[in-house]
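Below you'll find the structure I mean.
As written, the chains take the letters A, B, C, D and E, and residue 1 is the first residue of each chain.
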Amino acid sequence: MLGSGIIKGLAVTAKNFLGSYHDPARMVTVEYPEQPTVLPEAYRNFPFLISEDAADPMGTLRCVSCQICEKECPPQCIVIEKSKDKKPDATGKPQLYPLTFNIDISVCMSCQICVEVCPFDAIKMDKVFEVAVTNRFDGLLLTRDQLAKPNSYYHDIHPAEAAEVDERLAAERKAAEEKAKAAAAAKAAAAAAKATPTPKPSDGPTEASAKGGTAA
Amino acid sequence: MTAALLLIAVLMLGSAAAAMLRRNLIHSALLLVASWTGVAAFYLWAGAEFVAFAQILVYAGAVSMVVLFAVLLTRQSREADLPIEPATVTRTASAFAVAASLAAVIGSAVATARFPAASAEAPAASVKQIGLELMAEHGAALLIVGIVLTVALIGATVIASNDKKRDPEDAP
Amino acid sequence: MDTLEQLRDRLATRFPEAQVVFVTNPGASAEHSLLLDAAHARDIAFFLRDDPALRLDYCSNATGIDWPEKEITDVVKTSVPDPAGGPAKIVETKSVRVQPGYLEAVYHLFSVALKHGPVVIRLRTANRSDAVTLPSLTPVWRSCDFQEREIFDLFGIVFAGHPDLRRILMWDEFKDHPMRKDYVEPADYEWEPTAHDEVLDKAKAFRASVPSVAARKETAS
Amino acid sequence: MSAAADSFLERAPLELRDWAVQLLPAPLQWISHHLITIVAVLAVFGLFFAFTTVAERKLLGRLQNRLGPNRAGLPKFSILPWHIRHKLFGLSQPFADAVKALTKEDIVPAAADKVLHFLAPVVVVGFSLMTFAVLPFGRNLIPVELDAALLYFFAAGSASELAIFMAGWSSRNKYSLLAAMRALAQLISYELPLILSVVPVVLVASTLSTSAIVQAQGAWTFGVLPHWFVFTPWGFAGFIIFLISALAESNRSPFDLPEAESELVAGHLTEYSGFKYALFFMAEYFGLTALSGLGVTVFLGGWQAPCELLYWVPSYLWFMGKLILMIMLFIWVRGTLLRLRIDQLTRLSWQFLVPLALLNVGNAAFWALTAQWSGPLQLVRWAVSAAIVIVPFLVIGRSLSAGYAPRTYRYAP
Amino acid sequence: MNSPAPAFASVPSPFGAPSGPTVRAVHDQFHGDLLEVSMGPQHPSTHGVFRMIASLDGEQIVKLKPVFGYLHRNHEKIAENTSYLASMPYTDRLDYLCSMSTNWAYALAVEKLLGQSVPDRAQYLRVILAEMTRIVNHSCLVGFLFNDLGTSFTPLLYAFREREKFIDLFESLSGSRMMCNYQRFGGCRVDPTPEWLAAARTLIENFPRFLDEYERLLTGNEIMLARTQGIGRLDPARAVNAGITGPVLRASGVDYDIRKVDAYGFYSRFDFRVPLGDHGDTYDRYMLRILEMRESVKILSQAFRDIPAGPIMDPKAKQRGHRPKAGEAYARIEGPKGELGFYLLSDGGPNPYRYRVRPPSLINLTLLEEMCLGHTIADSVVILGSIDIVLGEVDR
């Protein structure tokens, strides 16, 4: 019957009209400024640098400016300048640190390849998307101090991921300490072995120490 | 009431004259429409509502469209190519002859006609009476006019349709 | 469908005077290809499409590759007998020869009727400068129409017999062919949002050279 | 109609006017009497237009599972303390639109025909407002009591075609001329079924005056079933044809070809901006309101109450209620249906609507002649009348939609 | 129906002419005065910066030349100057509606070049995400098609309401709604959590209800039948010769679906049917998309039922610094728009020596003129909509 298709169509829109009043699945508008948008945990926007403690962000940056991310970044929007001197990092080992670390977020396409290739978990993806600035040239070039954010902030925005990263780092640190302890123990044992023959006559120690040296 | 009548007459005749004088064909067509509405206003002044509305509906609504479509589809609407020949002696003479004969005919008709006394109230003819009158007495005339119009329309479309000689082979 | 070698032999018998060369693909995918000579390419293409056993009626992909000149130093090890009767010495003579560059068009052919896999054919131009014409395969497979226009636009291979050979992506007045290896980017870096290092140098160089931009620079700063 | 119907609310508007008129000296009374009516009609339908635009956007929004405009509140310095928190559901959107339309720059193309370009919106708004003069809003609330009211309505309505042509021609732009030609073809081919669908009502009510037509629909059977023309077979068919033609006359949804953005951008309105564009926009809505007002008057019993018990409700509320329902129907159709192509649109009119409308006139003639049948003959009368409507609908419908049918699909082996 | 367009020796090629008025009168010896209208590149119904120069005889189209290149950024040159991994995020921007399936096509090509194997769970994930992308793309297309037909956004917003749910799943898995950058060479980047899989399963279960509601709204609609049946008819033999692939080809009745022909990934493990049309017009193309969405739902429910546990990344696969041996590879998948192919030629270096994308959108436009000849301008908009092009892929 001519027109039956049209009437069925009208019925569908009527159902949606009524549905939009009571069925939440049919009313999809989120009134943004009043109701905040719910972002999933894995949401990623522009990168940021992790610093160990919030008190002194510049001092305790995890980044050791190895510049892998600068090479791997597809649109080449990261610029790093190495420091001349070294500074002890979280595990106490002296490491380089970046003098300047600029990300040009007008070029960055937040593809998180830098996060993937960073061996030190120093750079992670942020969840902020209200990044409007008034000046297009300098406003969108984020420098080191704008990028650095404490590890606690990382725990706020990506809880599961942050926990897993910290766990891994702790495990690595523990493994590194054990290795260091084992190496120290071995050195101590070798030193002890070297120290025990000293009560022998005085001429003995010269060859022993030579032999001990090689044994360590 | 004569002031209103004067105003309507001036409007009607003025727009008709302007329609003839304008070089732009579209402007003259629209001024023609204005003069037809002037006629309708005259009917309204005379109290014949039915005829006035019929006049607007038929003339201002439909016939004006036919005129405008004709002007556009025959592509003569641009001012540039309107050929105005110089007014030679024979042409002005024949114009005056035609005007004189026309004036004579209208003058005799007006002179012999018997106007009812101006003061008599216009007969309040209701629509029902007009309908009955039309159908009963003038039914035949109405039908003939209908047939003539249809034949004219069909003739027009037949003429118009094959003036665009399309090659048969590339009909899509 | 038989293997590529059998296909090459059939082509050799079918078109005795055409040179059909078997190009091996060293990669893991082992998709070898047949290099056809330009003269007989279109007849072979018609044969590939209409042969009942093959029926390669669908040319999926047509693309160009640019092979510029290359110096190849091939090392020839010749053992020179030692006149004093000692062990023969291996003498390496390095001879540097220049492999002439050429432009190549690669076509991946499939069969929709018989649903069998890719047959890859290659056509090569004589050189990269003046003799860059190849026979167009659009009359055989209409799908090469836009793709050959793109190869002409980005690589510069002129396809003889193409119904409508114009640039497809770049604008008509554009002179160079961008996908060639020796393509030099135009230096109109008049505007770069946040230029840094070599892009910054280019921008500065450009700004200095163009008076209008330079003038605007003074007024702005 | 019992005399007790004239409750205070019913007579209030008329008494207000008479009280205001007799305040003035005698010679001015005739003028002020009509002036007040005109001002009242303009005010009511001006606001009605404003809130129709908002209603359309909110209703369309709800049809599409989203909220309509809800940001425009009253200006901040308003006296209402709770306004800051409360956004008035976007009801002040039309005033914001009006201000925007007024302040927008009005660009007239250089090559345009200035006089015609200016005259087109004036003519279209003028004529579409004149159509309100004959609509009976209440029991005796009718601006002008005309004997040939319906004929007046269609005469005023047909002049808007002239304005569309003037707009299309004077913009000197090929797109707008092409679109104006299309719009004219559409309007002319749908004026015929529009008038033909009203002819049966005139035939049965044997009068052209709208208030008489509404009187003819006054009675109720068993106190509940109103004698509106829409509840008769030929009336229902006429109403459907009237709806389709009204949609086409006011350039709305399935027939909004002139403003089809996917083809000719904004049709004959391309070269209009600022207040002139707002005038065209307003004229379209006035045309829509006038046509649905006529539909309510002719088919849905004007200001008649649906049943005897609700007779005490003031009559103009019934008219407004039905008018709002009709406009919501138009908006609902706009939210659902696709657009017809120009040749399908004209074919639908000439090959489907006009024949059915002509048959409907025959049907109404049969209905009028067999008015005095009673008892079992009443059923025969209804059956024959219904047959005259349904059978041609099915026959012509099948020929119209020949070759178009949903298909079943096979799957690869 | 569509006779070959007569040669227009006398009509000057419009492209040479400077960008004059978008509408100009053109004389041609067969049809007298033609109105040459340029639709695009800024036109509300050409799905992006695509331009059609149509010569009109009254309402009918006599000649139609598409013009591309407005969104050309030479994606292939960029890919040849960056590493294999760095090109992966760029493939999201090719066909920005189906980034997951484009990623898979690129990953497939590099794996074929490297000879890299992929664990089972990753294969299942790839099939799941490709089919979800197909549903996202088809619902997008069906929505926009009705926008071209003139509805005031209603079907588009219904389709987008459903598409939004899928895109939220992509966002919670890969981090971004449309630029997922999710596949890697040898597997996937992130392992979906059980909650994600459960949410996806429930979404798939009640997706057919949306399809039924959509079909009730539109498929039987008389105006829709009148506007799309018999419009833009495509002859099967010409379609195959013109390299048209995907739903547009199958709507003309040619049984060629690369998921069945190549059986790449784990498609051979799922049983699904390939719908075919008989008339090859716009209505068939629309219905094909709806039926393909129903088939994708079938595949997805099977995939969710028996997705195995296990690693999502081949342990031997390296993250960066790929230097494949010299050689070439051409891999192709059945993308939502047709056959999407990647042709990679490596000379042993870190960057591909030749990187070529076979764009289904561009090649499906080959016969646009033949399909539009004889129809009116309103139909050409619908025909273009039914071919489903995305300018990011057409212009690369």
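In this text, a contact is a pair of C-beta atoms (placed from the backbone, for glycine too) under 8 Å apart; a residue touches a chain by one contact, two chains touch by 3 or more.
Given the structure is predicted, the values throughout are model-derived calculations rather than measurements.
Distance from each chain's C-alpha mean to the overall C-alpha mean is smallest for E. Each chain's centre was taken as the mean of its CA atoms, and the one lying most distant from chain C is B.
Note: centroid distance chain B to chain C, computed from Cα atoms, is 76 Å. The distance from the centre of chain B to the centre of chain D, with each centre set as the mean of the Cα atoms, comes to 31 Å.
A straight line joining the Cα centres of chain A and chain B is 86 Å long.
Chain E has its Cα centroid 60 Å from the Cα centroid of chain B. The multi-chain contact residues of chain D, meaning those touching 2 or more other chains, are 63-66, 335-337, 401. Taken residue by residue, chain C touches two or more other chains at no position, since every residue touches fewer.
Residues of chain E found to touch two or more other chains are 154, 158, 161, 217, 219-225. Chain contact summary for the complex, chain C toward chain E: residues 25-29, 31, 57-61, 63, 65, 106, 108, 112, 115, 117-118, 120, 141-147, 154, 166-172, 178-179, 183.
If you check the complex, the residues on chain A that touch chain E are 2-6, 8-9, 11-13, 15-16, 26, 28, 40-44, 72-74, 109-113, 116-117, 125. Remark: chain D residues 113, 116, 146-148, 151-152, 154-156, 158-159, 161-162, 165-166, 169, 181, 184, 188, 191, 206-208 touch chain B in the complex. Against chain E, the residues of chain D that register as touching in their complex are 60, 63-66, 174-175, 178, 253-254, 256, 260-263, 265, 334-344, 401, 403-407, 409-413.
Taken in their complex, chain E has these residues touching chain C: 13, 15-16, 68-69, 72, 74, 76-77, 112-115, 238, 240-245, 254, 256, 261-262, 324-330, 332, 339, 341, 343, 345-346, 353-354, 356, 358, 362-363, 365-367, 395-396.
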